[in-house]
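What follows is chain A paired twice: with chain B in the first complex and chain C in the second.
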Partner chain A sequence: MSVATVADVPRPVAEVNAAGKFLFIAGTVLLCAWVLVPIYLLVVNTLSSPQEVSGFPKTAIPSFDFGSLQFFLGFAGVVRALWNSVVVAVLTMILSIGIGAPAGYALSRFEFPGKATFRMLVLMTRAFPLPLLALPLAVMFIRVGLDDTVLGLALVHTTLAIPFAVLITFSIFSGIPIELEEAAWTLGCNRLQAFQKVVLPLVLPGITASAIFAFTISWNEVFAASVLTVENRTLTAFLLQSLSVSPMHLKFAGGAALVLPALIFIFAVRKYLFAMWGIANR
Partner chain B sequence: MPQRALPYLLLLPATLFLLVFFLYPFLQIAILAFSSPEGFTLKPFQTMTTHWKFGTTLWNTILLTAIIVPIQLVMALAMATIVTKLKTGRNAILYIFTIPLGLSDLAAGIIWLAIFEQSGFLNSVLVGLGIVERPVLFLGYQNLWVIFVAVILAEVWRATAIVMVILVSGMGLIPKEYYEAAEVFGAGPWKRFLKVTLPMLRPSLQTALILRTIAAFEVFAVVVALGGTTLPVLMGETFNWQFALNDRNVAAAYALVILAISIASTLFFLRVLRTPKGATI
Partner chain C sequence: MAEIVIKDVAKSFGAFTALHSIDLTIADQEFMVLLGASGCGKTTLLRIIAGLETPSQGEVWIGGHRVDRLPPRERGIAMVFQNYAVFPHLTVFENIAFGLRMKKVPQPEIDRRVSRTAELMHIEQLLKRYSGQLSGGQRQRVAVARALTMEPDVILMDEPLSNLDALLRLEMRAELKGVLAASKTTTIYVTHDQVEAMSLADRISVMNGGRIVQAATPVEVYRNPAARFVGSFIGNPPMNFIPAMKVGEGKWQVAGLTLDGPKADQDRLEFAIRPEDVTVTPGGLKATARVVEPLGAHTLVTCDVNGAPFRAVLESDLRVAPGDDLSLAPKSDRVRWFDPETTMAV
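On to the complex of A and B.
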């Protein structure tokens, strides 16, 4: 009797829901593991002694030995490469926002002939493999004395970052109602004052986010950096150049040095990633 | 008067910058690829195409792209759907999913090297489980297909995040009423995905596919980190001709090949995934 009542309950639906829910959670967990486990393994290798890194078999828990990291930081040229990477990335950040943000503002606030052409120029850059620019620019830089300088590399990285800077700042400025600015004008502000007092405070977080994004683009770029620098290598160029000769623990510590700032940057800009892309699609 | 000139003044720096550092160098590449000390020539292209590595290089690059991009599209759609469905922990999951977005291809290559190298984690697991007796040399020229698989894994791992971010923001723009209407007419979750989400996602899919395909043609550091020069790809050969073989003209010819397939694929996606007129949200 009781068996029959249990069978009468519409169990299948509940089961299907439960199975779907289980699949959903399992899929989510799996995808998270897919992203996190490789990074964790790099961390394990970085926090192991050089002997452990080349030893076999590997363990899943690091021994928290800082030998590899010490070796990496003490290796000739590493500290300089790190410094160069930071300088190039900061220059890229300043240049791309300084040049890109005014353009983004103009695109969001004005209707004028030539607007479509400019947008086309910016969008066109996306269809080109930009790091290849470094090849002819290497020659041009020798002529003007910018070869093997952080500034020269920063200029190329700025070209990579400008399309993003323009589109992102465009979407950020578009998110601020023009009525706010107009209100400031009627209250006696001129255009510049209205911008400074009303628009700037509102867009500052977004602009910071896109600046950090520009920093990350430069920090991660490998090809142009390897083409354009010889003595003044950035970290990526240094690591790429020494890949075939350097010991494993140097590679892994170097990889970790590349990854750590990136983790922080993405965390810092996570709120803006979607706002950036939502409108950049249009 | 200053009011009329203002937008142009604001655009001036960006325009000048792009002219000097974008259009001019590309003209230079085109000129380099067709020039020799004697003037116009097709010689760089002849040198490039008759070199024994060229066919393999082009094939490897296109094959890698053709495998990587579809996998990324499917995974990104799955991740984006998960993120939009999530109620609790959405921000944490979203952050985890977007982590690889900030990583360089070189870092991704090094990370997967830790797994695939001879004394790496994959071998440790395989030996630990007794599947193989001694660690296998995965990334040697004898196991070219393993290098291939490793590059695919590393690229899928690293660059799916950008596709997902674009798709998530695209999904956010689809009005909820469309789903409600579909539900009223009896469409299940799968049908709603096929008939509402995918068609409405067209502009985002287009952006994502164009960006990713171009980037996939530029695959470089991942391949160098995992396979050295064992697995030649276009960008690596460009680098090789520029430095190891010291022939800038052939390097420029390679660059033009990358450019040509990039533009071809962009036009392809622009055409195939164009939004019908009047169908925007």
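On to the complex of A and C.
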């Protein structure tokens, strides 16, 4: 009896706290490394000369040699692919906001039959695997002449981006009290004027964020781009196609060209993306 | 001239009926308060007059024009919202000038009118600020100034003081009354606060369950409630009610006391008296004091009469202790009677 009680001495609370703290910090460091180390390697290799990329030993600090980047930009088809990526992403951005923002406004302001179902359906569009859709789409696009065009690809990317555009703009519009609009109506505005003069200035930053998010979705998309385009490849599709034949430094430079814009954009609009998922970030 | 006439207005939200056939006339320059507990339909009625809600049936007339199908901007109204609705992306000046700009009023005229109302509401020094830099009371002033600058025929106010703290509310109440009386507009003011209603109104419309129970002057509503609900809702502490039994023509037995009452056909009525309308006089209602709360000017005594709580407001120099037996005589001209079936006054 007495032996058991001696062994059962409670540990001090501080000791337990310290252990928890260690676990927390270790977890944080691990997660950060998980994300940051590949990006770091990407940046180091991009900013090194082609010889350094393929040679040994590696250095941790880049030599700021732009040889790889120069080679990348000079590589046949890269500039065209980059341009295609930008055009498709911009088109996607315009289309998804043009269609998604009115839907988000309607969801936040009006009561209509089937509203809950509609919200569900918007999300459901993401439930279909893209490979399942890509083949019939390719056939259909060939029939109507949209195959291998930036517009055709932008349409597919728009379907991918719209659910996010609708849900983000829905949460943005919901953040604007309806009374502000009503006050504008009583002060001489019709619905459109109230929207222009009161709602639009208030939601513009959020809409911009949502547009940038649509841009990044299109920018990063590779599957539909590979299947639906042949000549007019976007950068992702182009790099995937030339993966087996291109030298190491081209892959690194291409990877950086893809990752950096997306990274910068998402970082710039993170506040609104958190808001979309209902996480306060203040 | 902006008389408001509401004819047979009703509103349903799906299966829920928010308003049952409201008829109400509000005279030009009158200060009408819509008073009721939350969910009684008072805000819905205000929003129908504003044009923010479409009535399911009935007509709304403002200044001799039928407006129930017109958008808010064509009704000659201005509205002050409960949460102020000051535009956060505009300065106070631009907020107040907003309606004038929509009307394409020339700039010198805008400057003149904005500075005049700003002065009236004591916010001249805030004109360059944004609403995020204002306190609740200041925002309220901006919202009122924005409505007043429009020089509307009708000002509609939806619980404008309910978000302010008690002291500020008292101050704003007095100020609003002065400013609105001087502006000579017709005002409709929604509140659930009976003190606010009593102190501001020319007339009070007491609403309950989507109906107007009584529309009368504050004193009339207080002294002669048209229904049991009005008596119990208005007045703090509320009216006392005791069941009464008919014991003869115009004679009613109330808690063992026989009183003169109305010559009614009913066998049972409800006797009602305001707490301040009883005196400690022999031969009154037999009461046992339970809780004694000295309030300075008066003493509030909660007693047992016939096994039910009964509140009396008595002179503060009267010495009463819990457990004391009292005889409370109702002032005969202040006694009211209600039909327990219809809850209406007899």
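Quick note on the criterion: the second predicted complex is superposed on the first by the 242 of 282 C-alpha atoms of A that agree within 3 Å, B and C clash if a C-alpha of one lies under 4 Å from a C-alpha of the other, contacts with A are read in each partner's own complex, and residues count from 1 in each chain.
The definition used in the following text is that contacts are C-beta pairs under 8 Å (C-beta built on N, C-alpha and C of every residue); 3 or more make two chains touch, one makes a residue touch a chain.
In this text, all values refer to a predicted model and were calculated from it rather than measured experimentally.
Engineer: For the overlay on chain A, clash or fit between chain B and chain C?
Structural biologist: Here the two partners, once superposed via chain A, fit next to each other without clashing.
Engineer: Using the superposition on chain A described above, determine whether A:179 touches chain B (first), chain C (second), both, or neither.
Structural biologist: In the superposition, A:179 contacts chain C only.
Engineer: Just checking: does A:254 make contact with chain B only, chain C only, both, or neither of them? Give me first, second, both or neither.
Structural biologist: first
Engineer: Touching A:128 in the superposition: chain B (first), chain C (second), both, neither?
Structural biologist: A:128 sits against chain B, while chain C stays out of touch.
Engineer: Which holds for A:202: it touches chain B only (first), chain C only (second), both, or neither?
Structural biologist: The second partner, chain C, only.
Engineer: Considering only touches as defined above, state whether A:23 meets chain B (first), chain C (second), both or neither.
Structural biologist: neither
Engineer: Decide which partner touches more residues of chain A, taking chain B and chain C as the two options.
Structural biologist: Partner with more touched residues of chain A: B.
Engineer: A:73 in the overlay: touching chain B, chain C, both, or neither? Say first, second, both or neither.
Structural biologist: A:73 contacts neither chain B nor chain C.
Engineer: Please give the least Cα distance, whole angstrom, that chain B and chain C reach in the superposed model.
Structural biologist: Minimum C-alpha separation, chain B to chain C, in the superposed model is 11 Å.
Engineer: Per the definitions at the top, what is the overlap between the chain A residues touching chain B and those touching chain C?
Structural biologist: No residue sits in both footprints.
Engineer: Enumerate the contact residues on chain C facing chain A in the complex.
Structural biologist: My answer: residues 50-52, 71-73, 77-79, 81-83, 85, 87-89, 98-99, 102-103, 146, 150.
Engineer: Enumerate the contact residues on chain B facing chain A in the complex.
Structural biologist: 4, 6-8, 10-11, 13-15, 17-18, 21-22, 24-26, 28-29, 32, 75, 78-79, 82, 85-86, 91, 93-107, 110-115, 117-121, 123-124, 127-128, 135, 157, 165-166, 168-170, 172-173, 203-204, 207, 210-211, 214, 217-218, 220-221, 224-225, 228, 235, 238-239, 242, 248, 251-252, 255, 258-259, 262-263, 266
Engineer: Which of the residues in chain A come into contact with chain C in the complex?
Structural biologist: 177, 179-180, 182-190, 193, 197-198, 201-202
Engineer: Can you tell me which positions in chain A touch chain B when the two form their complex?
Structural biologist: Per the stated touch rule, the residues are 24, 27-28, 31-32, 34-36, 38-39, 41-42, 45, 54-59, 98-100, 102-103, 105-107, 109-110, 112, 114-115, 118, 121-122, 125-133, 135-137, 139-140, 155-156, 158-159, 162, 166, 191, 216, 219-223, 226-227, 236, 239-240, 243-244, 248, 251-252, 254-255, 258-259, 262-263, 265-267, 270, 273-275, 277-278, 280-282.
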